[in-house]
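Note that the chains take the letters A, B and C in the order they are written out, and that residue 1 is the start of every chain.
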Amino acid sequence: MTLNEITTRIEALRGKRLDMLGKDFLLTWEKSAEELEATFLVAEILRGMRGNAISPRLWDSGLAVSLFKDNSTRTRFSYASACNLLGLAVQDFEETKSQVAHGETVRETAAMISFLTEAIGIRDDIFLGEGDRFQREIAGALDDAVASGVLPSRPVVVNLQSDIDHPTQAMADALHLVNHFGGVDRLKGKKIAMTWAYSPSYGKPLSVPQGIIGLMTRFGMEVSLAYPEGYTLIPETVELARRQAMASGGSFTVSDSMEEAFKNADVVYPKSWAPYAVMQERTKLLRAGDDASLKELERSCLANNARYREWECNEKMMSLTREALYMHCLPADISGVSCAQGEVAASVFDRFRVPTYREAGYKPYVIAAMILLARVRRPTEALEALLRRKSPRFLEE
Amino acid sequence: MTLNEITTRIEALRGKRLDMLGKDFLLTWEKSAEELEATFLVAEILRGMRGNAISPRLWDSGLAVSLFKDNSTRTRFSYASACNLLGLAVQDFEETKSQVAHGETVRETAAMISFLTEAIGIRDDIFLGEGDRFQREIAGALDDAVASGVLPSRPVVVNLQSDIDHPTQAMADALHLVNHFGGVDRLKGKKIAMTWAYSPSYGKPLSVPQGIIGLMTRFGMEVSLAYPEGYTLIPETVELARRQAMASGGSFTVSDSMEEAFKNADVVYPKSWAPYAVMQERTKLLRAGDDASLKELERSCLANNARYREWECNEKMMSLTREALYMHCLPADISGVSCAQGEVAASVFDRFRVPTYREAGYKPYVIAAMILLARVRRPTEALEALLRRKSPRFLEE
Amino acid sequence: MTLNEITTRIEALRGKRLDMLGKDFLLTWEKSAEELEATFLVAEILRGMRGNAISPRLWDSGLAVSLFKDNSTRTRFSYASACNLLGLAVQDFEETKSQVAHGETVRETAAMISFLTEAIGIRDDIFLGEGDRFQREIAGALDDAVASGVLPSRPVVVNLQSDIDHPTQAMADALHLVNHFGGVDRLKGKKIAMTWAYSPSYGKPLSVPQGIIGLMTRFGMEVSLAYPEGYTLIPETVELARRQAMASGGSFTVSDSMEEAFKNADVVYPKSWAPYAVMQERTKLLRAGDDASLKELERSCLANNARYREWECNEKMMSLTREALYMHCLPADISGVSCAQGEVAASVFDRFRVPTYREAGYKPYVIAAMILLARVRRPTEALEALLRRKSPRFLEE
C-alpha cells in the first residue's frame, strides 16, 4: 500500500458517520454499515502504516487485558499484536475454566483490573447463553465505574468470541473478501455458502457460522446456509440474517444440501459445528457437572456426525461453484492430513492454504481498528497525526 | 488535579528528608514519617499526571519481575499497571506454590532474573515466618550481586504481601484516608476500628490487620483493634503498634468487643483473619504435608469461627460510629451476596462500594511511587523533568 | 565500558564479512568465525550502551514469541531481557509438554503467531532428534509464509536449547572466556576441560557439552572431553568437534579420565549429562508412553551414575589445573549444598560463584546480538545511529 493509498482511505473514513466512541465491539449487527466500513478502512490504514514502517503507536503506556475462558492461539496472538501495535501491554487475566462467576464478583473484578486499562478482550464461548451475557456484565460494570469516578477512562470491551458472535473473525473474513473482490461494493450479489462440514470432533461453537451469516447479509450478498437435519443455529441469529439480507438487497436461504449451497457460489465456508440443541443440552450438563451424561452426549453426537461424512469440501463439490474462494477460520480438519476424514479434501485445502493464511492475517489489524475507533475521539485527525509524526516502527526501515 | 496542584505537591516533596534510594519497601514501619508522606505525595503526583495526560514513563526499557506465591488479581494488576506506567515490562516468575526454596537457590535465582531488571514485586504470605524472610533473602542476594559487579544496578524489592505486612494495601488505604479527611495532618485524633469479622472461610492471612495497625498508629490516630478471644495477631506487630501510637500522640487499644471498637469510630475496617496460633499450626502441618490434620484444623477453625457470627458490620454496628467510613481490602464476604452470612451486611457494603473501589484505585500509584522513590536519585527534579517533558500518555489527549 | 571502547568495537564490527541477515541462529557451527566474533562484538556494544545509559531500542513495537517445551528460568529471563532491550514485547506460546506436533500444524502455527512478530525463541531439548528438527520446521514454514506474502517480514528463530546445541549458552560462555583472557585471539592454545560430573539426577540434556565442544574448537583451543565409559554424546557432534579443532589449529581429545582432562587445564566445565544411548532409549519410551520402562530406565541410569561419584570437581581436581577458571551453565549440583554429593565441591563453587554469575550475565546481550544481526541490514550503521540518537534508557541516568 502506498502512502497515497493510505491517504485515500483516510479521506474515505472522513466521510463516514460514526458513533463508535466509547462503544464496545460485541456483535457486528450492533454496528451500522458505515461503522463496519470504517473498521475495514482503519484496519487497512494501520496495515498500510506497518508496511510503510510508520508506527501507529497511540499510547505511551496502558494495559490491555486478555480474558480467555477457552483455549486460543491465533486470536490470542492477534489481540496481543494489535495491542502491542497501539502501544498497550497485554496482561492476562487467568480464570479457571469453570462456570463463570456473576454479580458482585464480576462488577468488582471489572473495576479492579481497569484502573490503567485501555482495552479488555474477552473470549467466552463455551456455555450457550453465557458468553455474550458475561461480556455485557463486564461492560455494564465498567460504565458504572466510570460514572462513579472510580475509573479515569472507559476501556473498550472487544468480543474475542462469544456464544453468539465472533466479530474479530467475521470482520477479518469480510475484509479478506473486500480485498479479494476489490471493494465493499463488489460484495453485492456475490454468493457465499456457509455450510456445515463433517468433522470427527464434537462441541465446536456456533459463533463462526452465526458470525458469518450475521455479517455477510449486511453487504447485499446471497448468503446460503446449509446443514444436515438438526444442525440448527441459535434461531434468533438465523432470523436476524433473514431480516438483514432483505434490508441490504441480498438474499438468505437455508437448505439441507451442501450441493445446493455450493452451486454457483463465489465463496464457500465449509465448517463443522455442533447442533444448537446439543449445545443447549451440553451447557445444562456442564452446569450440572454430569460427566456421565456428557460422555454419552458426545458419543451420540459423534455417531450422528458420522451419518454426514459426505459433507466434505472436495474437488467435486468445488466444481459446482463459480471457481469459488475457499475460506476457513483455521485450523481446518483436513481429510488424510489432520484426520482420516474431515471438513475439506487435502487438494482443496492445499490450493487455498495461502489465501486462508492471508485471511487470518487481517485479524490483528481488525482488532486494532476496533480498539482505535472506540477510544479515539477524532479517528481521521488521529490517523493523519500518525502519518505526519512518521515515527519509525523499526530503526532501520 | 490541576497542574498547579501537582506543582504544589512537588514543592511539598522537596521539603522531605528521604533516605529511600536503593532501599526496598518491605514494612511500612521501616520508613520514616516523612518517607511515608513522600510516598503519598509521589503517588498523587503520578495520578495527577495520568489525569493530565502526561506520561510519567521513566524507563525506555527494563523488566519488572512479579513473583506471586499466592493467588492475586487486584495486586497483580496494580503492580502490572504501576510498572507499565513507568515503562517497565512485567515478567512473571512462576514458582510452584510449594515450600519456598532457600539458600543457594534463592541467591542464584535472585541474580539470574535481575540482569536487566529494575523492580521485583513479591507476594509470599502463606507460611508464617517465611514471607518476610524470603523477601529479605532475595534482597540480600541482590545486594551481594551488585557489590560483586554481577548486576549493573540494584532492582528494588516491593513487598506485595508477606506474612507480616501488606504495605501496598495499607499505604493505598492510608492515602484513601488522607484524601477523605483532607490531608495527612487531619488523621490525627481520628478513630479507626480494625476489627475481626465473621467469614465462612478459614486461613485468611494476618498481614492486612497487621499492616493497618502498623501504619495507622503512625499518624496519631486512635487505633482500636478488636477480635474474639483467641484471634490474636503476631505479638510483635501488636507491641509495635502500641509503641508507635504512643510516639505519634495517638492511642492503641485492644478489646474483644466489636461494639466497643465501632463506638464513635470515624473509620471502620472489619475483616476476617485466622488466629495466630492456627496459622502457626497450619504452617507446621503444611510443612509436614499432613493433609489429614490440615483438614481437621480447618474443620475446627471454621467451627470456632461460627461462634462469632455476630461479628458482622451491619447497620446496627454502623450506627454506633460517627458516620464512619467503611473500608475493606476486597473482596469482602457480603452477607446474602457472596455468602449466607459474612463480614458485612449488603446494605452497608452497597453504600460504600464506590469508596472501597476508589480505595483500591490508589494501589497502582502507591506501587509506582515506591518504585520511583527507591530508584530515582533526585525525585523532585525527576518529576519536574517529567512535567516539563510533557510527553503525552495518549496521542489524542 | 567507555564510549570510546564502544566505538572501537563498532569499528571492529565494520571489518567483518557477514551473511547473517535473515538467517536463524540454530547451531554455532553454521556461523563463520567472523560471524561469531561479530556476535560477541554486538553483545559487548549493547552491554556498553546499557552501562552508558543509552537505549538500544530498535523497535517501537513488535512481538517476540517465546516457545519453551521445557522448563527454564535463566534462559527465559535472558530472552525476555534481550527482547525488551530492543523494544519487543514477549508473548508466550504455551504448548503442552507432550510430543511435538508436526506437519500441517507446525506450518500453520508458525504463520499464525508471526503476523507482527520479529523474533521466535524456542527451547525444545527433551526428545533426541526432535528439537533441532522442530526449529527447522518452524523456520521453513516462516520462509514459505514470507515467500507467499503471508508475512510482511521474516522473524528470526533463535535456538534457546535444542537436542543438539545450546548456542545462547555456549556463546555467553565463550564471551565470558573472551573477556577473561582478554580477546578472542587469546583463546588459542588455552586448554578447556569439558567433563562429565556426577549428579544424583538423570536425563540432563546433551546440548551443553555438545555446544561447548562444538564452539570452543573454533578458536584454536585445546578441547579435552572426558566422561566415564558409556556417557557418549551424539557421534556427529564429536566428529564435528574433531574436524573443527584441526581446522582452527587447536586440538580435540576424548578420554575417560577426569584427571587427564583437568591436567594443566586453563578452564574446566564439569557437568552431568545422560549417556546418548540412554537418551535414545528414553526418547523411544517417552514416545511410546511406557511409564514402567521409563521408571526402570531412570533407576538403572541412576545406579550407573553412582559408580562414578568420584567425578567431582573438588580442590584435588582443581590442583591439577593451571589455576583454571571454573565454568557452569547453572544451576550446579553442589556437594553438601544442593545434594549430598554432586558435580562440584562447595569450596570450589564458592570461589567461582561470582564468575559463574557473570558468565550467565552475558546471555541477555548475546541473545540481543543474535536478534539484531539477523534483523538489521547494516548493523554498524544502526549501532552508530543508536549512539548518535543517545535516547536515555532511564530518565535520570
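Heads up, the rule we're going with is that a residue touches a chain if its C-beta (ideal position, glycine included) is under 8 Å from a C-beta of that chain, and two chains touch if they have at least 3 such contacts.
Since the model is a prediction, treat every value here as computed from it, not as a measurement.
Asker: So what shape is it, when you link every pair of chains that touch: line, ring, star, complete or other?
Answerer: Graph shape, chains as nodes and touching pairs as edges: complete.
Asker: Compare the two sides of the subunit A and subunit B interface and say whether they are made mostly of the same residue numbers, over half shared, or of different ones.
Answerer: Under half of the interface numbering overlaps between copies: different.
Asker: Could you work out how far the Cα centre of subunit A sits from that of subunit B, in whole Å?
Answerer: 41
Asker: On subunit A, where are the residues touching two or more other chains?
Answerer: Answer for subunit A, listing residues that touch two or more other chains: 57, 89.
Asker: Mind pulling up the subunit B residues that touch subunit C in the complex?
Answerer: 57-63, 65, 89, 91, 93, 103-105, 108-109, 111-113, 115-117, 145, 148-152, 376-378, 382, 385-386
Asker: Looking at the complex, which residues from subunit A come into contact with subunit C?
Answerer: My answer: residues 50-51, 55, 57, 73-74, 76-78, 80-81, 84-85, 87, 89-90, 330-331, 334, 337-338, 354, 357-358, 360-361, 363-364, 391-396.
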